[in-house]
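Below is one structure. I have some questions about it.
Letters A, B, C, D and E name the chains as they come in the text, with residue numbers starting at 1 for each one.
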Amino acid sequence: MTTLIIISVLPIVLLYLGLYKAQKALLPVTIVGMLIALAAAVMQWNTNAQPIYNGMMLFDNFSVVFSVGSIVSTILILMLSKGYFEKISSHIAEYYAIILFSLAGIIVMVSFHNLTMLFVGIEIMSVSLYILAGIRKNDFASNEAALKYFLMGAFSTGFLLFGITLIYGSTGSFDLDVIRDWVVTHPKSHDALFYTGILLIIVGLCFKVGAAPFHFWTPDVYEGAPALITAFMSTVVKAAGFAAFYRLFSVSFSTVSSFWSPVILVITIATLFIGNITALYQQSFKRMLAFSSISHAGYLLFAIVALGAASANSIFVYATAYSIASIIAFGALVLVRQQTGTDNFEGFNGLARKNPFLAFALTISMLSLAGIPLTAGFIGKFFMFSGALLQYKYLMVIIAVINAIISIFYYFRVIIAMYFRSAERTEVLVPAYYKFVFGFSVLVTIAIGIYPELISRLI
Amino acid sequence: MTVSILLFLPILAALAVLLFKNEVAKHVAMFFAIAELALALYFLNGFVADASLQYSIDVPWIKQFGIYFKAGIDGISMVMVLLTTVLVPLIILTTYEHQYKNAKAFYALILFMQAGLLTVFTAFDGFLFYVGWEAALIPIYFICALWGGENRIRVNIKFFIYTFAGSLFMLVAIIYLYLQTPTKDYDLEHFYALSLDAKQQSWVFLAFFLAFAIKMPIFPFHTWQPDTYTEAPTAGTMMLSGIMLKMGIYGVIRWLIPNAPVGFLTWGNIAIILSVIGIIYASIIAFKQTDGKRLVAYSSIAHVGLIAAGIFAWNIYGVQGAMIQMVSHGINVVGMFFIWDIISRRLNTRDIDKLGGIAKVAPNFAIAFLIIVLGTVALPLTNGFVGEFLLLRGVFGWSIPTAAIAGTTIILGAVYMLRMYKNVMQGELNELTATFTDIKGSEKLALGIICALIIVIGVYPQPLLHISEASVTNLLETVSHKFITTKF
Amino acid sequence: MNSIANTIHAVPLNHYILLSTIIFSIGVMGVLLRRNAIVIFMSVELMLNSVNLLLTAFSVYRGDAAGQVFVFFIMALAAAEVAVGLAIIVMIYRNTNSIDINVLNRLKW
Amino acid sequence: MELQSSPGDFLPIIFQMLVALGFVVTTMFVTHKIGPKRVTKDKLTPFESGIEVVGNARSAVSIKYFLVAILFVLFDVEVIFMYPWAVNFRDLGKDGLIEMFIFMATLLAGFIYIIKKGALDWD
Amino acid sequence: MEIADILIKFGLIIVIFLISLVVAMYSTYAERKVAAFFQDRVGPNRAGPWGILQPLADGGKMFLKEEIIPTNATPFLFIVGPSLAILTACIGSAVIPWGQNIVIAGKTIPLQVTDINVGILYIFGVVSLGVYGVMIGGWASNNKYSLLGAIRAASQNISYEISMGLSIIALLLVTHTLSLGEIAQQQHGWHWNVIYQPVGFILFLICAFAETNRTPFDLPECETELVGGYHTEYSSMKLGFYLFAEYINMFISSAVMVTLYWGSYNYPGMDYMNGLLGPTWGPLLGFAVMFFKVLLFIFFFMWVRWTIPRFRYDQLMDLGWKVLIPLAIANIVITACVITFL
């Protein structure tokens, strides 16, 4: 709870700092504040938490772990933002504040114990993101991204709410435990309301996490939004979406998984193929990342299809690996774009000559995204495959393997561009903050890849 | 003292190389490679040639999934470790005449790859095996793609995709086996102890087979290989053909057949037929090649086909033959590629038809070339002979007609190899070849070592065979036992 | 005097569900078929309001106030969405002088 | 304390609406019928202080009005939350008081922010 | 409900409806008279004695004027605008308690159309709807003055609605109910809420002025800037509706203020008088008292109109947002603290 309070109060402080023109203090205050929040979250660890506020929130290990993950990722992204927002407009404090508000929503999302809080968390997060997607006010793509994101987000919220309502209608409560008990005590019930409710919730959540066939907004929004915001959306937000997804389905609906898991299975397979195959055809690195994020959503869905004891950890490991790697990718994209003015793969040509470190970091990131051993991404995929095989989902794993192979093509395009194609270019300037973020992320990626126990048994 | 030191030394070495300047990188790399060799010899010294696992390490790695860092050396591993540790310094030695751009990265990658290879050869944990398998792949990808020829990008992505695809299926199989173990871990011995039914074994077999077949490569999965060998820098080709290819063969011996013996019964025939087809096919293609490096690449497919056939015959002769032939082939093929490296470096061509009469201007080179060619075509008293003899004996035990067909590899091999030698070394000097200068310095040293090894192993293979014999026998027994216990 | 709750009980729950579903579907169709951003937006609000209606009905049927409290949350957050959404539409309008979503095809669907 | 209303209690409101509606419709109808009709083109042009009409009146207006509208929506919705609290104020006691004060403090923080930011400055 | 009850309700509704119409009509007359008084003039004096028939004459004139719907306007909305304005003005009176239950011929009749438990919210709902009439009318006219007037009206109304709502909250802390009937009962005798909530009352009063677009808050129709504001293009009875709605609103908001703060139909010593006059005449006296108070407020509205000059627009918004809202919140906080801790 302390974490959530700090994360909520911090943006207000930032807004006021912005009012009093303390531009220099913004980033340090944000980071210090978030570190305190991080500490508060860690303190919460293993305290055998019970639901608080009439069962609204539950700060158990699951929530703590995902909160910590989100906070760390956000810190990294914010460090990349040094000097970034200044170029967009003068309201820097607001951007920081909105990102933090969004983070507050995310923390609610990973800690909810009541459908009300799920909804509130999702909305706090989404509404902030609608704004963030459109912060380049004069850039048409950004505008469009904001509008699309907004319309689709609100649309999906409608589905989610209708689903929640139907669940409430049949179970009479929003509390996850009560819903679970209802399911247990009505095992043979053919309550159409309840099952329709589950389906609608799946639709709503799939929209939010960008799983096919509800993914179509994702590439446009990711492409249109400013790169760092896209980084935030595709990492922290996506992870939180899956955390919420998992939490809801594992606590409340796990006993009726025979009903919904085929649905999600189909969604998973569609997501994998659509994400991967379309990513192949992209010329823009940013758009490729957008599609790859769809396919990663597919892998993350594995944990939900094959719901088991280890699923929570799998989601966390995968999401962490994916987030960290994506942060590197987006950071590199920001730098390259600043120099070359393009998002395309060509922009990376010959990068390795002039910026070996940058190229190395990006290579590690791509390897991790592709799931090559000794990187965190491999561990994530490994966990997912293990979980799925444990549930005898062989077909799904085979399909995932095929997709993993397809993904090599587009991830390696960047590596090829950087190392094997040459282009006249000068050295890209890598600011110190970026260096830190890259270095840290690479270390974390490799560390998790070599010794996943660092994070794999936290929940 | 455990095997872990053997695995981590190359990684440290790789990092160390990165600290030095490009100019001295090769010396540093050489130093570490020799240190590694010394270490391996030290292990050999204390090695007892029975079936036990020695110098083993077994510590928890990822406990929740039952993953252990379990590695050790038994007879089979010992041979592979020796092969690796001998060839790596040799390969580094062959690069002494090259001036690679960004050399420290090059040598670091080679050393890093060595770590991966050694991990594969000593791992007794499924997960560790897989990690080593992939860890060997990444460096070679970069070596080939960064320092390779003109088509390197396209060719290498093909190579990578092929091998990665295969290994992912292997990963699935490994995870599957893990899930079947009662203790829920990746320990190879627990895998061996499993009793899966025939259908399960079939699938496991196929998944593993795909990975190994691509790596070796066996006939329909070989298409990446000639291109990659041709485009790769010579050192890369040597790593690929000399050591990495053996990962596949080793995998078949250690991971494929013992884990899925009944699957092997079902599919083994097809595998052996594919191997034999590969032999003939590759030999015929090799016959038509004019590019020397490409010719060697195809000859390599042919030889590997024979090794594969010998293993799939699955008897003591076949497997032991494979063991020794792996070493021989490693040495020979490295020598062969080095020969072509020398030629192409001096003359800027690898076209056999453009060459001729080099023996006249470079007698030392001619002798070395001849010895290596003879080793490759398995003349008695060279290393190739021992291996091929045992392999054919093994296949013979499985099926006489097949053995007969497989035996043509020796004839065909002799034909195209000797034709190559004749075209290159004999005949009249032309304008191009007249400029050829004889080998010297590091070249002489490297070729000398190779020739020495060819002859020594050819004359006295017994110690090498002795190292692996007990382990191989043990493995064969395990499999036989499993045949009996499997539910059909 | 019968209370409101009793009167509402007199109407079968299914009718409320049906009504809400119809309104919800109208909203969904509106989002999918209309091209004007504002109209789409209003359709979304229609969806939310159908949910509110249904929640209230359920809440009364169950004699549980939680459903109605949820309605409050929906309204509050819908208001926030309205604020942001209209701001985005205004921003688009200023740049393009149009709120037809067909002009928003710079990024492909 | 709690006054229970029945749907019947709302019926008179509908009556009153009907009465008012009847009044409006009748009046409109009557005035439409008995008023003179002498339309000319100039009479029907929008009034623009006698000069020619310039452009369409429905053009964009100052963003300030929009801002006010949005702020109203937000504040009004926040005020909604205070009504149940105010009515049940005594039952909720000190805890309720503190909670609502936190709520209002947040609201005020936002309020002061928008004022400081100049969102409500008209110039 | 029985038929008789329904008929009684209908009767009550029509009576109240007529009373509001008459009050509104005569408010126009009163306004001119008051204005004349303030400006030391005579005021209307031709139609009937003291000009007492003047409102009827005005009404008749409205009926007979030509109806104009400008070419550029949107005809449907152009008609809907004023209708909506008057409609919302007319239905607001439904929840106001005009007196105690009256007993006529052995039948108890409440002097309130209906006492719903969310009376205050109903009033707010109706008041919020009022802005639509103005907004739609102004927009439908397709005239720049109209549009500007309408937008001004809208933003003014909504701005003051917030402070109005907040000021009511402080009152609710005292009353614990949203039912106007109950609030009226609570103020029995002299326990008028204005004693407990003086600040709240002043806030509410100011907001009421703004909501009814009365001077000093008559920016939407300020003739010196905007010709006629949102009703520039209107003529005939449609114009009449707008003007009329303003006076009805004035009446209703006076009644609401009296109900909420000034003791409704209560007066000191009412128990004694009720005992004296019995169950029929006692409540009627209460009704008279209530009406008297309402008339006083209407007079106050007029008084202010001819005394205080109009605000500038920025002053208006500043007052609404930067003074009234903080004041209202402070009022809530203090009230809550006082009730809790004392």
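Before moving on, here are some points about what is shown:
Heads up, the rule we're going with is that a residue touches a chain if its C-beta (ideal position, glycine included) is under 8 Å from a C-beta of that chain, and two chains touch if they have at least 3 such contacts.
Bear in mind the structure is a predicted one, so any value in this text is a computation, not a measurement.
Between chain A and chain E, the least number of touch steps comes to 2. Here the chain pair with the top count of touching C-beta pairs is D-E. In this assembly, B is the chain whose CA centroid lies farthest from the centroid of chain E. Centre-to-centre separation between chain A and chain D, using Cα means, comes to 40 Å. Chain C and chain D have Cα centroids lying 20 Å from one another.
Between the CA-based centres of chain B and chain E the separation comes to 96 Å, rounded to the whole angstrom. Put simply, the C-alpha centre of chain A and that of chain B have 42 angstrom between them.
Residues of chain C in contact with two or more other chains: 80, 87. By the contact rule set out at the top, the touching chain pairs are A-B, A-C, A-D, C-D, D-E. Within the complex formed with chain A, the residues of chain B that make contact are 61-65, 127, 130-131, 133-135, 138, 142, 145-146, 152-153, 157, 160-161, 164-165, 168-169, 171-172, 175-176, 178-179.
Contact residues on chain E toward chain D in their complex (touch as defined above): 1, 9-10, 13-14, 17, 62-73, 79, 83, 86-87, 90-91, 93-95, 113-118, 121-122, 139, 141-148, 151, 154-155, 158-159, 161-162, 165-166, 169-170, 172-173, 176-179, 182, 227, 232-233, 236-238, 240-241, 313-314, 317-318, 321-322, 325-326, 329, 332-333, 336-337, 339-340. Residues of chain D that touch chain C in their complex: 4-8, 60, 63, 66, 70, 73-74, 76-78, 80-81. Across the complex, chain A meets chain D through its residues 12, 15-16, 19.
By the touch rule above, chain C contacts chain D in their complex via residues 1-4, 7, 72, 75-76, 79-80, 82-83, 86-87, 90, 93-94.
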